[in-house]
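Okay, so chain A shows up in both of these, paired with chain B first and chain C after.
Then we have the complex of A and B:
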């Protein structure tokens, strides 16, 4: 499912609850959680927080979020070897990431990019889009 | 005598098991100890769920304390009572175990856990996989030797008066003991202060703050009812110094919520919200 299938209105419909969930999980004020907020760089999220946020999003929106869902969707038709090599995202992998994470500013995609750093790109909007996609997939 | 499976193990026998799905068991609180805290009751249920999760993945990984969405304290327990443990596992794989469950005594509910999540870590780094498998076989069979737990003392915290505001917040310092029997059991290859003992310390600090707040003008005391949003971010090794903070979050005549936080070296270490009720 491409971004063309997700409207701004659909994202904004999910955002208030997603922001509340992220704020609760991270112990910050809700007004600190913007659509553009990077969960790691702006909101200090750690790995346990990602598990917590996914857990809460699943309960709230009645969706099942498989482990690594965002990266798997971003990889698209590329094989794992075509997406990353030796812990570094390939050029083709970066292109797919940029296309999939269209909400993330271009300058945040470092080159070279370590696959371990992909999660630093994720914003509140990234999670909102994931919820909308999963809701549509039923 | 080794304290492995003695000093901090709270499942005597597994009575039914579908590994990774559901599990029931029992634990008898030894008669010779002073008390068995509600935090340890929660620990026993968590350990039951952990056994089921570990069995499913052949003891290659083990869960550690991570998140508890809700813990309802319905009643306290007494030495000599048998805890009836029942856990349901929503997810159980090499990444994490997600579970909830109940503890009853004589059929009466004592404690409920909801929306708990334990991230998995490599078993080899924490314990001997073969010893764990052998222990699981024992508690699934004839059961473990009961009554070996010798109790755990309360570990004191030191209130920091000039960072505390009476009736609003308390700041305190807490030093994890350098040595204790339970470190040999939690965990043999990587001793860390148990998350539930940290929770117990936070509970006592919250109760200290609650005592400074009159509940709605009535004589009834505040009692811990429900703990939510428990999160443990980091391990706490022996000898570590932690900064504790309790702060009133919300208050009505009959309900009080205190937000708890611990920090290690200035970094967030754990957090929780503790809900009190009065007049009930």
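Then we have the complex of A and C:
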């Protein structure tokens, strides 16, 4: 699903609640949680925090968020082997990531990029978009 | 007056989920926690009569029974969702549901191995996976797993059971590490030989030999275990996590 399907209004409709959830899960102030905030780099999120955030988003927005959903969607039509090799994201994989995570500034996509570092790209907006997509999938 | 002399268990009005609570140790745990003013929900597999008896014999306590097969992860999740939707909290999880299918290794059938591991280990995984997200969000909680003296010391005719309890010990320690930063303590109680239905056959077959190996020269009672579980659920054990507490009368291998 391309970003043309998700409007600014749709993102902004989910943002307040998503920001509240992220702030609560990370134990920070709500005004620290901007749309552009990277959860790991700006807000110090760890893997257990991601689990908590996903759990709370599921309950709040009544969606089911499978593990690895963002990366799986970003991979698009590439196979796993075409997306990453030996823990490094391929050029094709990075192109798909950039296109999918259109809310993330270009300069944050390092080259080479380790697959383990993909989560560092995720921002509040990334999660808002995911929620909107899942709500539409019904 | 110093703070520690007035400290209470902190359990009153909390919500506890105990798996396998209709008989034996499970029942004793249910009653002990309920006696401290907790609302206790326990699961049982099929013995409706025993489950009803726990409730009817404790009329002044807040106790509910839910028929849940802990081997079914979806059923565990549904049960926990139901509890949380109704009460808004889960403070304590006691993973007690467990079975034995004793035999010397060469005499074990596929089912004897599979079912013991499925109920004892997977059951603990299933219920913990369902409950932990709620505790994580709340940044507090106590999980107590029922292990066994055989998980550490082994036991003749108990390769499957001992393996399952060894797994519980390892699970307990790993989960304690994972959840510490969310304020959740995870410990286990390892009972010795306790006078319950589950150990009847073992006690009948090898009673005297077993008692020789117990320093305190008696079998344990379900209440002995329930008190230990209660302690690990209470605020008194706030500085304890990742531990396996043996409650076995000083049980020696032999």
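Please note the rule applied: the second predicted complex is superposed on the first by the 138 of 138 C-alpha atoms of A that agree within 3 Å, B and C clash if a C-alpha of one lies under 4 Å from a C-alpha of the other, contacts with A are read in each partner's own complex, and residues count from 1 in each chain.
We take it that contacts are C-beta pairs under 8 Å (C-beta built on N, C-alpha and C of every residue); 3 or more make two chains touch, one makes a residue touch a chain.
In this text the structure is predicted, and so the values were computed from the model without any measurement.
K.L.:
Which partner chains sit in contact with A:116 here, chain B, chain C, both or neither? Use first/second/both/neither.
P.N.:
neither
K.L.:
Does chain A have more residues touched by chain B or by chain C?
P.N.:
B
K.L.:
Output check: A:51 vs chain B and chain C. Expected answer is one of first, second, both, neither. What do you get?
P.N.:
both
K.L.:
With both complexes superposed on chain A, which partner does A:67 reach: first (chain B), second (chain C), both or neither?
P.N.:
first
K.L.:
Same chain A residues contacting chain B and chain C, which ones?
P.N.:
24-25, 46, 48, 51-52, 55
K.L.:
If you look only at chain A, which of its residues touch chain C in the complex?
P.N.:
Touch list, chain A to chain C: 24-25, 46, 48, 51-52, 55-56.
K.L.:
Okay, in this complex, where on chain A does chain B touch?
P.N.:
24-25, 27, 46-49, 51-52, 55, 59, 67
K.L.:
Could you pull out which chain B residues touch chain A in their complex?
P.N.:
66-67, 69, 95-96, 98, 115, 117, 119, 229, 231-233, 261, 268, 271
K.L.:
Can you tell me which positions in chain C touch chain A when the two form their complex?
P.N.:
Touch residues, chain C against chain A: 133, 136-137, 178-179, 181-182.
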